[in-house]
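In what follows, chain A forms one complex with chain B and a second complex with chain C.
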Partner chain A sequence: MAYSTGAPFLLHLTLSRFLPSALPGLTCAALLLALVCTLLWQIAGLSGGEATLFASLGGRDWALLRFTFFQAALSTILALTVGLALAWALSHQRRFFGRSLLVALFSSALVMPTLVVVLGLITVLGRRGWLASGSETLFGVGLPFSIYGLGGILLAHAYLNGSFCVQTLLGRLEAIPAERRKLVRSLGLSAWQRFRLIEWPAVRGSIAPLATTIFLLCFTSFAIVLLLGGSPRYNTLEVAIFEAVKLDFDLARALDLALLQLLVCAVLVTLSSRFRVVDTVVATNPWRFAWPDSRAARALQWSLITFGAAVFVTPLLAIVVDGIGADFTRLVQERSFQQALITSLLLASLSALLATGVALLLAAARRDLVLPNRLGARKGASAVASLLSFSALLYLAFPALVLSLGFFLLARQLPGGLTLWASVALLVANLLMALPFALAIFGPALEKIGARHDQLAFSLGLSGWQRWRLVEWPLLRHDVGMVLALSFCLSLGDLGVIALFGSQDFATLPWYLYQKMGSYRTDDAAGVALIMLVLTLTVYLWAARFQRGGYAQR
Partner chain B sequence: MTKLSTLLSAALFGATALTASAVFAADKPELTVYTYDSFAADWGPAPKVKEAFEKECDCTLTFVATDSAIGALRKVQLEGADTKADVVLGLDTNITEAARATGLFAEHGVETPDNLSIPVEWTDKTFLPFDYAYFSFVYDSTKVKDAPGSFEELKAKGDDFKIVIQDPRSSTPGLGLLLWVHSVYGDKAADYWKSIQPNIVTVTKGWSEAYGLFLKGEADMVLSYTTSPAYHLIAEEKDQYKAAAFEEGHYAQVEVSAIVKSTKNMDLAKQFMAFTLSDTFQDIIPTTNWTYPATKTAAGLPKGFETLHVPSKTLLLEGTAVEEKRKGLIDDWLAALNQ
Partner chain C sequence: MLSVENVRFAHEGSEEEYHFHLTAKPGEVIALMGASGSGKSTLLDLLSGFLMPLSGQMLWEGKAFQNKPPEQRPCTILFQRDNVFGHLSANANVALGLPKGKHDPDRIEKALEQVGMAGKGEQKAQTLSGGQQQRVALARSLVREQPFLLLDEPFTGLDDDTRHRMLPLVKAMAEDHRRCVLMVTHDRQDAQMIADRLMVMDNHRLVEHSL
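What follows is the complex of A and B.
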């Protein structure tokens, strides 16, 4: 290393200079890792007390594991196919009324409350749903398939994850440089040849990371499998953990299942971190001309868009149609509804603030460790940076039911009562859930700001609060809004931790809706679902309006 | 961060507790009863029971609903020492031994009344019966023309004939059906489950959800009780809903309640237990829970109940015998459905 004689002094200076901005983030990461280790220790410690590990698991559970793998793999393939087809069609049809709204709607699938989607799908595709009644009137026969079972699970997974990857893939396709398009046009290639030679290479890099994320989400799927599984035949490990606690109160079995889940997820997350994608798509040359598509290709694109939009919107429409008939005056006067609404709004606001704050601190620390003019050149900086990123991905390895089981065991030994620990568990779960997405937005943005403005800011002696107010905040405003909205919606729609902790004293809107769906009061369920849908879409689409202004996209 | 979230959640908890305490500001003692949802519902027995009991106890009676009866038991187990439950109501004799083994329940101290009229002798000092019924599949006779008259006929109906049942791990009707099939088929029960597996639309956590799905048309038959048609007959004046009479006989259910040992209102809880066998409570049962009362009251059964099918053969296993087999039968059932 070719440092000048002043190097040791300079190094000391940089360390003390960047410590104030890196330390809070590093502390957050350390706390998150420590917390998860405590919970893991709770689970492993209690489970290890048995004669042999996994003693309570039988042949049925290995079949369960096999089925979960099978289901997640099928779901992933389906979701990617749907997402790719829609993204391809949308990238060719650049101008039509409502296109940006449609794209925003597709991307909202990420935060759409799963319960609401499931309810909508049942209304449309149930044995007495819209499609079945239509088919009976027209052809005199009902539907040949049932929404309950593997078909329903796959459908719901493809619906939510397929729409969610449209935006990422669309971004990749739109980033294809205009020069390459011009070249293709002059060569007169067919639609298929173009896809194979130009478009597939453009999206290929995103496929592996998207696939692993979707696979993990489907592997740990809870609400969808709980509601559409139809029978214990189609379970995931998450649902099996839930059943071991709630139906059998067999903690030993729940612990074994949780450890198995942790093991599998840890392997998958480790594998997936090898496909880290650099998701800084910079569309330098926005192009204005259309692809020279054949009539057949255009027809295919339009049918894909129309069909995709119809399939996506119909279940949501069903929620609106069913929900409007609900008795809202009675519903809003019901004490249990008021409590659930207040708790949900409070929790969602708190976790939005918490997630945004923690993500900013983590991103700031990561920036300090990555940028070479900060601490990036120091030994070990990149290792600490990876650990930091890993702390934001904990949720994928430590899904909701495992997390809540850990908290549940902790709560039994500590004072404070279940309700207190339930709210802590919910906040932590919601924070962990939002962090991967929040860091993916803040991380690249803060790094870019650092790279572009550090020199000027350092020479002006800007630091701390002043620098944040003058440099970061004006550039990050839109991204902060997006992360707030994202984490708010994710928390609002989550039926994970609450499934284990929910009670008459502590309920959230998803839990309240889940209870209503299981009773006669289906009208109430539709009403609550409508409220959740409107809340989520309003907050998300409001934030999505600004998304184009997000700094990472520029 | 953890410190921060603890603080935040404490604030949140405070806010929730405040709204809760504002409503229950009265200084009357409160008796909390955990029960299954259809008992606690507005149209179930709870509102009338609450009104009648509060007249004589100078207390507040609160029902807390869970999605199933066994769910209420698990809730008490889950909450451990923190539980607010004073009484658990709605378990049946098939699950009492499992409940007894948790050590969470205290003796009820109620003498068995002379007018007790249930399908079994009663000596249990912890669990007290309050009603009984016979499990049965219920169908809509305007939609199902030739309802099955036996398990074999149900099997012969083919895969298009759909039924909805409850999970034996959470629901007492679900467990009842498991034992019913076991009583009829013995060692061949698993084979029977395998053969009707395609007919099962879905397995619900509790009775309400299953019955709701059936009424919405998601299934041709639902596992319920021979007394369920009385609800449609008396409350809705509809006579198309029927219970399918099975020639193998019907499995009976005796529903019980018990005091939670950790209660701080032991006297009040005992008073409530005695109340469940009073004529007042017993006369509320038939037209709200739609089952048979546990005692012969002065008023007798309401009009309409005489039209119901009374099984010629009653099946019911001893509680201890059930507990020996329960886990094994549930495992077999799960395995059969996993085929």
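What follows is the complex of A and C.
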């Protein structure tokens, strides 16, 4: 990002001026890195050293690695294609009833509880799902495909990640300057030429970072593969680690798999660190055409929107329809449900506060290290800034199952009991999970505020709390709300860490739902899924509604 | 002859109404002036088809064109910025103005020569200066051969020297190719340099002024 702040006018100021705002963030980054190193040490220490490294892995495990790569690559291509097609169609159709809600729903896919989405997809596309029943009634035959296996995994990944792409790519497309759009229209260029000349260049920069993020998310995908994999043939490393610990009690294999997973993810994250974190672009002056596209282009746009909306909304509708039929009176009186609900709400609230606080501190430190008017011009600043950004991306290199395995091993040596360490593991995992997204929101925002207002703020002597209250907070509060909501929802729907720590005594809503699905208590499962869906959508859509206003002010 | 007859326009949700009425002959350069937000660019957007009038008619040689889409209107528009695609060569940018299947390298070369860009056709537009990019855009409007040219402050932001070399190009284009030019500007000197008439947006209406 280029800043038009001219010469570095504050270079004469001493380092100590910026230490109070940079130091807390730097400390957080150091603590996160230290924690991860400790957990890694735990895993590596118990794996028995180099001599037996990967000794427990056989041919089927390398096949597992190949499949994990394969499904992640296919999922990424599929998700990007879906996201780009929908974003393109929506960028051309700017006025229709429900458009804002549809876009908000697509963007909520990021925080949608995976289990709920999977349950919705099974309800629609499962062996006894809506589509199969309809097909049997109408044509006397069931569906020619099964939701279980590679197809189901790809579909669920494309559903969640494709929708997540829509918001980012749509923001880029809507930010194309009005003059550009007018120019290509006045030249009479075809829809394809327009895409090639102005739309593709606008989104091109987002493709690589989006692809990397989606690939890593799919590579470390757990709940989807666990529920839709169907057979060991379609397992990923993450699920194999879970099975090794939870089902086979083969700790040596789990450790080797975890190290393999860690190695691959670390390489991928390092390779991808050259791509900038995807930041959101929002058009401040969206252009509305007086002249619509050609009939063929409009038909394609409407087909894409209708199909995309139908595919996205139907599984959610299935959750609502099935959930309404649940016996809520009995469900809410169940002690295990009450416990799971309270644990989930408590952990999600704490995680949201923790993630927001840490992300703000990291973003403030990054701003100080990046802006040339602050410490950005100093030697080594960009290297420290990169390390700081890496600390926020740890979750991608250090997946939930590996993290919880580290905590699981640590808990056996430390006092406090498994429940305490399970809570700590969940909090840390949720924090790490939310950080990449939180920093992507706070980072560019704080840098923009700094670049624009530093000169005036310094000349007026505004600093510390006073500056935060008068400058940053009014311009950031919408984003703070968004990050709180995002972290809360991510935490509420996660089935990563709890999969290892979950028990009768310690459960969260996703774990409770997973248990119900596993024991074929479909009515209860539908009821819990509906509660999770309503909670997530209410919190996220409420925050998203208020966030848009924040961009225009900065 | 370009005729804008009693054209009324109001932005969505706004009660402020703009009124436009003017005629322009081929080869004539008309400067449009007025305060920011007075409606100068709105008139250009109406003429080029990016906004629809509430009522009134817009005609070229007696034929109404207000119901035609932007690409079928008898005009070419140049904006203050974003007139070229940086990743394309100057030649490719000019060629965008040619009808499908009528790619003629000689014509492109000649147009670039006319705007003083001979020999720079292969250069990527992003490597050219702001003034050179606007020249490329002007060359494109030459090959398009549309009878009227709309200029929405395309020379704002250029240094005086470059601007003073660009303006005569526009004047020559109007005279040699019998194009009618409507130029939005904030600079009275620019208007005096090439315009035949001056129209000012006053209280949301176009009023003729002396140069």
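Convention: the second predicted complex is superposed on the first by the 520 of 554 C-alpha atoms of A that agree within 3 Å, B and C clash if a C-alpha of one lies under 4 Å from a C-alpha of the other, contacts with A are read in each partner's own complex, and residues count from 1 in each chain.
By definition in this document, a contact is a pair of C-beta atoms (placed from the backbone, for glycine too) under 8 Å apart; a residue touches a chain by one contact, two chains touch by 3 or more.
Everything numeric here is computed off the predicted structure, so don't read it as measured data.
By the touch criterion defined above, A:148 reaches chain B but does not reach chain C. After overlaying the two complexes on the shared chain, residue contacts for A:354 are found with chain B alone; chain C is out of touch. Of the two partner chains placed by superposition, only chain C is touched by A:177; chain B is not.
With both structures placed on the common chain, the touch criterion links A:137 to neither chain B nor chain C.
Between chain B and chain C, B touches the greater number of residues of chain A. Judged by the touch definition given at the top, the superposed model places A:505 against chain B, while chain C stays out of reach.
By the document's definition of touching, neither partner reaches A:329: not chain B, not chain C. Across the two superposed structures, the residue set of chain A contacted by chain B and also by chain C is empty. Looking at the complex, you find that chain C touches chain A at residues 45, 48-52, 69-73, 75-77, 79-83, 85, 87-88, 96-97, 144.
By the touch criterion given at the top, residues 27-28, 31-32, 35, 58, 60, 63, 126-128, 146, 148, 230-233, 243, 245-249, 335, 338-339, 342-343, 346-347, 350, 354, 358, 408, 412, 417-420, 423-424, 426-428, 431, 503-506, 515, 517-520, 522 of chain A touch chain B in their complex.
Interface residues of chain A facing chain C in the complex, by the touch rule stated above, are 177, 179-180, 182-183, 185-189, 197-198, 201, 289-291. Residue ranges on chain B touching chain A, taken from their complex, read 1-2, 4-6, 8-10, 12-13, 15-17, 19-20, 23, 37-38, 41, 43, 64-65, 67, 70-71, 74-75, 77-80, 82, 84, 162, 167, 169-170, 200-206, 208-209, 211-212, 215-219, 331, 334-335, 337-338.
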